[in-house]
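We call the chains A, B and C, going by the order they appear; numbering starts again at 1 in every chain.
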């Protein structure tokens, strides 16, 4: 019987060279490049935060919060109108976007049949609207305001613009939160003789609240940082009063920053940086809260 | 009747009233449930808001734009190379704005694609779970920074310090380069996040097959994982492209408001979004041609992003189907 | 090995709990079919129908639910073919058979839970006290109020124990003078009160599997249905918890009608008054197996003198 002998491979390397596969120069360079990519992103973020902080620090005084903006005296100007305006507008935005977003997501997720053409159109629209440039929502809000006889530069119009902007985001994240609720909960409720609407209101939605809260807070933090949609409402740039209602004129932090940044005097640049610090703190805080909620409630039971 | 009840307590005492032994007379609904019908109607209307929004956007752009095109021919608009709506000699060729958008977008993608993909590959293929848990949300924070803050950063730091001082690249107050670079940084998380999802979704078995054949990790990533995730990665890039095209504040603040055919990124230039922003801030009389110009550009912007978005949606759906 | 056909155990003494515990509980093999340990101390291989105070069964059940030529379809696929049987009032009826023979499908058709799956269709008539439950003007919610269901995996709501039980009466609009009493009574009837009376406000998820299942039973009986459907209620539980639930079923029989799907023949033998045996057969050459009702009779008869050879094969373990 012929013996089978194995021919040694001509360029056989000992098995210990297997790890060399990971150590060759190519792989190392690759890994370094990848690591540098990640580091670059984080580095830029850090530099941005640090420079903004350093630039704005001299103006982090109480005047920033209590005084109004001024064309002539940057030393005493403040962002009071902008801070209050942002708070008010975000409140209006939340009141509009959250109920409509949750309702639309509930319809799509819990009630629409697979074959419904209406539901398909809605889904397609939501996907598209999520990527429409922010400034176009401003145009829509301006046109809508004029159409219903509302003055453009009002808190209500601003709220509408931002609410429509973040509505797709709220819908998508609410749908995901609803999907995460186990089907058994719904079945248990229906088997007891509850109607689908009762099941939604009393079991499914309450169980989905952490996910909904996370998505909503992230959406609102984005709305807080947006300036483009509000630019088209006009009249927002030189506001020296507290906003006092839905129909009042207003300005917001991002708009104020935009305005100050465009001035040539360095004091205004400082002001812009200081206001940016305030805005960043708020945005980061909201993101943090959202992440905490997500982590705290994401334990499967 | 057996009373087997280890620890279940007395079983026959105080039984509740027996369920009625009379058969029910009908199974029709006993309560009209008007409240629920109203709630359902609310859900349907809320869903319809999305469709209304799209219709609203189209109308609010189309109607004024049509007014614009009554006075300016579509051909001139689309092919003219001079955009001077404010000057005495008015010309309405939108190409300069488009070149502005193209340049800023191209620079932004040239930053965000390599870095975004690099970070994504690192997080998905090399990083430990703990590293990923810490750094992925931190990278997402880049997306949370408001665009005005980015714009300020571009004007105050990237232009004067990074480009002029550190790199010795001479740029003025406004430059397409500074705007494009910062725009790129802003969309890194968009590209990275979706790419990372796409690569994580590639089944382990594919990687293991590659390792089993003796390939090292780099080869596996480049030759196996990356191609397998390509539609998700393409979707990520297209989404980043869409955001770059649509972004307003950074380019308005850093690229300038001089509309011209951009050939030199070291100079300023105006993008479509930048024009809309500056026109919105200017005083144009409602109903004038000036006013309608805004909407014509807006319409062009909407159409361009719509095309990009539809491509992106199709890619995302294909990516979702594969895994 | 005694020949079960010649010595039907009619007058066995009332077994105690320790007897039941000592009886070999069958384990499921990977295909999900019950197997019986041949070295068990009980010498007969077939399950012995235990006459635990069995009600004298009349020949035909006094029907609360009756199926006539019922077929269930998932789209074009016929899952169950032409079932005709009556569920007797205040009886425990067991549906047994190998996997994939449509037992759960038929069960879920009885309270219109199949409606939740898109594409399902029911042909034939399922009548509740003579009324077709799939008729056009019938509200499925009313059907489910009267025909409740307990699921295979306990599925308490993410709420407190109290709220779990109170949920049903609340949403169905039951007129309740004192909810605390209703909750207590339901928990007592489900043999759970003593274990949870001090922690009613705690989350239901803190309970053990067996307790959670009894909680699910408690909340089902809180709405006072007439019929309780149970879809393999003990398959996710350990033997001790299983035994307690079986005891509970026997107690509940006085006030409710129970239909149970089970993979466990011994369980059917222990608790059921009547048993229906289903099997699955490949239909018309396309490989899809459709369920059929093979035999439906008193449990004692099914397990001692089945009429159909397929039944005989199944219960003696010749096929799973």
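The definition used in the following text is that contacts are C-beta pairs under 8 Å (C-beta built on N, C-alpha and C of every residue); 3 or more make two chains touch, one makes a residue touch a chain.
Model, not experiment: these values are computed from the prediction.
Summarising the inter-chain layout, the chain whose CA centre lies farthest from the centre of chain A is C. More C-beta pairs touch across one of B-C and A-B than the other; that pair is A-B.
Distance between chain centres (mean CA atoms), chain B to chain C: 52 Å. Inter-chain centre distance (chain A to chain B, centres taken as mean C-alpha positions): 11 Å. Residue positions of chain C touching 2 or more other chains, listed in rising order: 141-142, 146, 225. Touching of two or more other chains is recorded for residues 195, 198 of chain A. Residues of chain B in contact with two or more other chains: none. Taken together, the chain B residues at the contact with chain A in this complex read 33, 36, 39-40, 42-51, 53-54, 56-57, 59-61, 64, 114-119, 121-123, 126, 135, 137-139, 141-142, 144-153, 155-157, 185, 188-189, 192, 214-218, 239, 242-243, 245-249, 252-253, 273, 276-277, 280-281, 294-295, 298, 301-302, 305-306, 308-310, 312-313.
Here chain C touches chain A in the complex through residues 111, 113, 116, 118, 141-142, 144-146, 148-149, 151, 153, 155-158, 167-168, 171-172, 205, 216, 219-220, 223, 225, going by the rule given at the top. The part of chain A that touches chain C in the complex is made up of residues 113-114, 182, 184-185, 187-195, 198, 202-203, 206-207, 301.
Those residues of chain A whose C-beta lies close enough to touch chain B in the complex are 21-22, 24, 26-27, 30-31, 33-38, 40-42, 44-45, 47-48, 51-52, 55, 99-101, 103-104, 106-108, 111-112, 118-119, 121-122, 124-129, 131-140, 142-144, 164, 167-168, 171, 195, 197-198, 201, 218, 221-222, 224-228, 231-232, 234, 237, 254, 257-258, 261-262, 269, 272-273, 276, 279-280, 283-284, 287, 291.
Contacts from chain B toward chain C in the complex involve residues 1-2, 4-9, 11-12, 14-16, 18-20, 23-24, 26-31.
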